[in-house]
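Across the two complexes that follow, subunit A remains constant while its partner is subunit B and subsequently subunit C.
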Partner chain A sequence: MTERKPLKKSTIKMADSSLKIPLGNSEEVKTISIESKENLTMDSIEEQESVAEAKLSQEEHRRQLIEELDQLIENLRILQAEYPPPSNSSKQQSDQKEMRSNQFSPGMSLTVLQRMRNTINEDILDMDTWRGIWYMVNYSLESQRDLLRRRMAGDYQVDEWGYDEEVLQTVAPFFTFMYKTYWRIQTNGMEKIPGEGRTLLVCNHSGQLPWDGAMLGTAIYNEHPNQRLVRTLLASWFPTLPFFSMMFTKLGQVLATEENGIRLLEQEQLVSVFPEGIKGVSKTYWDRYRLARFGRGGFVRMALKTSTPMIPVSIVGAEETYISLFKVPIIAKMIGFPFFPISITWPWTGPFGFVPIPTKWYIDFGDPIPTVEYGPGAENNLVLVSQLTDQVRNVVQDMIWSRLVKRKSVIYG
Partner chain B sequence: MPVFNNTSQLQKTIERLFNLVGEDPEAIKVIENSKLILRLKITSPAMEVNINGRKSPPEVSYGSNSLKPDLEVETSADSLHYILLGEMPVGKAWSGGKLKAHGAITKSFVLATIFHSGQRFYPQVLKEMAIK
Partner chain C sequence: MADKKVILVTGVSDYWGTNIASRLLEKFESLEEQDYSVIGLDSEPPSVEIKGLDFIQADIRNPLLVDLLKSEHVNTLCHLAFLESVRNSEAAFDYNVMGTMKLLGACSEAGVRKVILKSSTSVYGAYPTNPAFITEEHPVQGSRDYGYNRNLVEIEAFCNGFRRQVPEMILTILRFVNIVGPKADTPMTRFLKEPFAPVLIGFDPLMQMVHELDVLDALLFAIQNDVPGAYNYAADGILPLSRVIALAGKIPFPVFHPFAYLGVGITQNMRFPTTKYWPIELDFLRYSCVVDTQKMHNELSISPRYTAEEALREFAGDQRLRRYMPERSALAYDEERLRDTMERRKRVREQALDENHL
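And now, the complex of A and B:
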């Protein structure tokens, strides 16, 4: 018995034109006849070509697919802006916050957003921040106590007109509250008031009490870039009032005489006048916003003598702070007041009659009326004085009417 | 050892810093909308910075002026340096008495915006001024 030799597991040899494939362990081989060498070469080339073609088409396919994907991505990017995010997503919530904040005025929105931003500041979680606040409160109380001590010892300064800056700073928060919160006063044309130099503001007067003068001064002090102090010329009756006469002086207000006005203007101060005087402030509700006579033109003489530009100012909203129904001259004479109004709250509600109605106010500043062109001595020209007085009065009246036309509500504006 | 050797160095640093803060639109917007007059009083060495938010754009001036500030902050130059570097939190500066504020404290969010904006630019300013 012959031993079978194991077949070599060798590669298939293609020594000849036949292909011998070993089958298992037997010696049998399967012979596959193949074609000639040329044919074999052509097939391999064709195969290679077809493989190459296949590869090429695959590459093309791949490129095409990439292009399609790019296009799809581009389309989705465009659509993304219009895509409504699902509810409760962070984008939806931030959109809602933005929408809600847009319902408020820009000032209020800013305050709300700033406070929100500050609440997520890590400083708020720090105990030292609260200690610091406590320290600052103590420091403020200490400085207030020192201020009081100095005031009681007489250690303070006033200017030649009696203006005391510390008193102004003390009462400023109250006036600012009335200005910003109570009457929500809106000003227009503040930029027409020069940063420095003599200027005369000519305003309408109304409202039974001189709140309009106080608010005019507050508006300019709080909003003018140069924080100018307004020197209002007061009617001669005000210095007869106890306490109030002292307060007006401490706040920089001056008795209304031509000499005082000229002196203030020569000192390059910002002066305000209310030429209607008592007649204007004591108007009844039925005569509201109809300007009374602008005096005898004393303010025009002051402006002409000092070559001061006059700025007409209209104050709308003050008329309705007290609804005066009629005046009682007899009572006024008895108590030494220039007038005694009977309003819907005064004198029936006693001291509550002094509480003004929270109307919405508008203070509009008109274009300056120059006087330098009239030259020296023009203040002696009575015709010119009369003409300019009427001109200013008409301008202020027009400004009032223009504002009233735009105003939709007395309380809300 | 003090951070700033003399007033001139402090002035140049602070002026450069506020020039950069003045180009930050967010800070400008907050200051403008606040309409506040701010004063930053720096001590050792001494310097005053006034920011008038009532003007558009807000005006920064140096030295004393006649405007009465709505909010005044007093701090030393070294404390300001560490606050702007972020090494001293503002709360700690307050509690330690290193930062004193007078005036409308409720409006102090404007200061926070200025400090945050300053903190962004301060390292760059230190490099420019070659201060370590």
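And now, the complex of A and C:
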């Protein structure tokens, strides 16, 4: 196979590590398997000669595992010649780590840790490790260069709403950081969102900047088994802002008009609405968690027209990200903003006024409210529309209160 | 006499008129139809000779046009005469808007059965409140900053009323999205012909494209079939502006939008090259104006052959080639003319031969 003949020690060690170290990410897997693949023939020859039978079965088992892994990686590489396979979702990784550490007693896990540390130290002295790292770096550099070249040549696709998946994947780490580390968001009832099909999420809006919409999208993108893309319907003010308009379109967000909403739902998409709109997002600290009027019921008409179930969503914690003391309508009118808040940090500290407070957030999904039983033409029934609007509003408000009952601290949850 | 197809094409000296007239003639010839005639109308004769075209030199605002339409028994009119000027010039307004109004009036007077107008989807205007897909029923409320767009909006507004006044006439309005192609001269091609494409910082609107040949096909289809009403006409594919520029091989030149608006506002009506670089209204570089093509697909049995991407790629390829051989278009034109001359001489010779035999 290859002319190089690495030491046997390293072979076994690599095999060891591939079994014992919880695999960090796919790139690690790749490095290990590349090296172990080269040593495979050596293994099989020496096994036949010297290793005892009991050990043989173990070796055999191990070899099979490595072979399988190699096969998988080889298949992946054939399928996607240019790109590294996507990394495991971080949720899976952390779950795996937790599960493993629970299985060991404290003393044992210390030993495991010690052994892991030893292998790492030895690895640094090993040429193969460095070759692996070089391979990794080279690989990622090449894919970056390729991405850049394709973007420059215009060789990419967007869907008819302007959603660009590559842009989403580029900014996703930032939002995931805000989601996991900064606000430590906890979701409940994610299983109520169906894996596919039209669904309308109805949420409360708060927090001066639309972080809550971004976090709802991040939550479902990260935690939902189908990684569904949330299409948030946004206020017509955002498209007039530079950068915001561009980013929102590329991330698959759509202007809030009834035509757009109906079209999205008919395409079986997951749509989220914030019916409170600007009134909700501009709430001062004194009005926090008290829902504003739920628009003109446009979202209910959308749901009735397309027979879409509505899922009420409450987001708790976003209200305290900025502490808005009062609003100054005169300045807002002068600079053409829908509102201008005065918070404890804005506008006194300049750009630092945009830094949100790291509160603990909870996103709760309620039980779906079906609309299919009202039949066609129900969207023209004004009484029904206003009733349903109030019903959804009350459900969301109740969900917020029941979460606030359980919340002990704003920062620690 | 009633069955005879008499088609009048206005603006026959321009790119669109010339091509429509010659394609119509070609088509009729290939179908071996006898009763047809294509009349071309313009204030100047076409620069390329069109075989079989009955050219009449006149202005579309001429009051005697009614008599011409009557005496020639015109039953289909394809109105392509349009002065495209960025400046809000009174002359262009008079020619475009008043000309169209007078022409349509003459048509209703002379009992012309069908009128086809070429319009643009820019009449809807680019606004942040636009729905993501604009249908034909959307009000025509485009901005009136740029001359050509203002004229189109005026014409469309007039047509709305005209359609109600003269319900028996088949009035087809084809609203095309940005037209690109190697030969046509449109605001979009002018925007993409400069090496730098000035864009607005932080805005990347969605755009649609259609190839020039598809435009001609659509116009021909409307001439040959009865499709009353307004139609959006766009090729498949919706591209962000950044991708349009990348596909055309241009370098984006970002400008902060308040400055751009200020600059265009001040210099628009002066002889200053700002609008040379911004032949497209700034709003269209800021907000998306994407139209719904459902009606086109359902009711017209013709759809564009080129996708937006293919159209742009072809345009870019031609631009690249033009760098190395600027005489290319002139050469093609020369060739055409030589072929015509040869054919004409052959005809003359044959005639002389026939006469000799007699």
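Things to note:
Following the convention adopted for this analysis, the second predicted complex is superposed on the first by the 285 of 413 C-alpha atoms of A that agree within 3 Å, B and C clash if a C-alpha of one lies under 4 Å from a C-alpha of the other, contacts with A are read in each partner's own complex, and residues count from 1 in each chain.
Basically, a residue touches a chain if its C-beta (ideal position, glycine included) is under 8 Å from a C-beta of that chain, and two chains touch if they have at least 3 such contacts.
Everything numeric in this text was worked out from a predicted model, so none of it was measured.
By the document's definition of touching, of the two partners only subunit B reaches A:Gln227; subunit C does not.
When the two structures are aligned on the shared chain, A:Thr349 is found in touch with neither subunit B nor subunit C.
Looking at the shared chain after the overlay, A:Gln71 reaches neither subunit B nor subunit C.
Contacts of A:Gly107 after superposition: subunit B is touched, whereas subunit C is not reached.
By the document's definition of touching, of the two partners only subunit B reaches A:Arg131; subunit C does not. In the superposition on chain A, contact of A:Arg263 is made with subunit C only, not with subunit B. With both structures placed on the common chain, the touch criterion links A:Gln387 to neither subunit B nor subunit C.
When both complexes are overlaid on chain A, the residue A:Tyr139 reaches subunit B alone and has no touch with subunit C.
When the two complexes are laid over each other on chain A, subunit A has no residue in contact with both subunit B and subunit C.
Interface residues of subunit A facing subunit B in the complex, by the touch rule stated above, are 106-107, 110, 114-115, 118, 121-123, 126, 128-133, 135-136, 139-140, 143, 165, 169, 222-227.
Here subunit B touches subunit A in the complex through residues 30, 33, 35, 37, 52, 54-55, 59, 67-68, 89-97, 99-102, 105, 109, 112-113, going by the rule given at the top.
Only residues 128-133, 200-204, 206, 238-240, 242-247, 256-257, 286-288, 290 of subunit C touch subunit A when the two sit together in their complex. Of all residues in subunit A, only 151-154, 156, 158, 160-162, 164, 236-237, 239-246, 249-250, 254-255, 257, 259-260, 263 touch subunit C in the complex they form.
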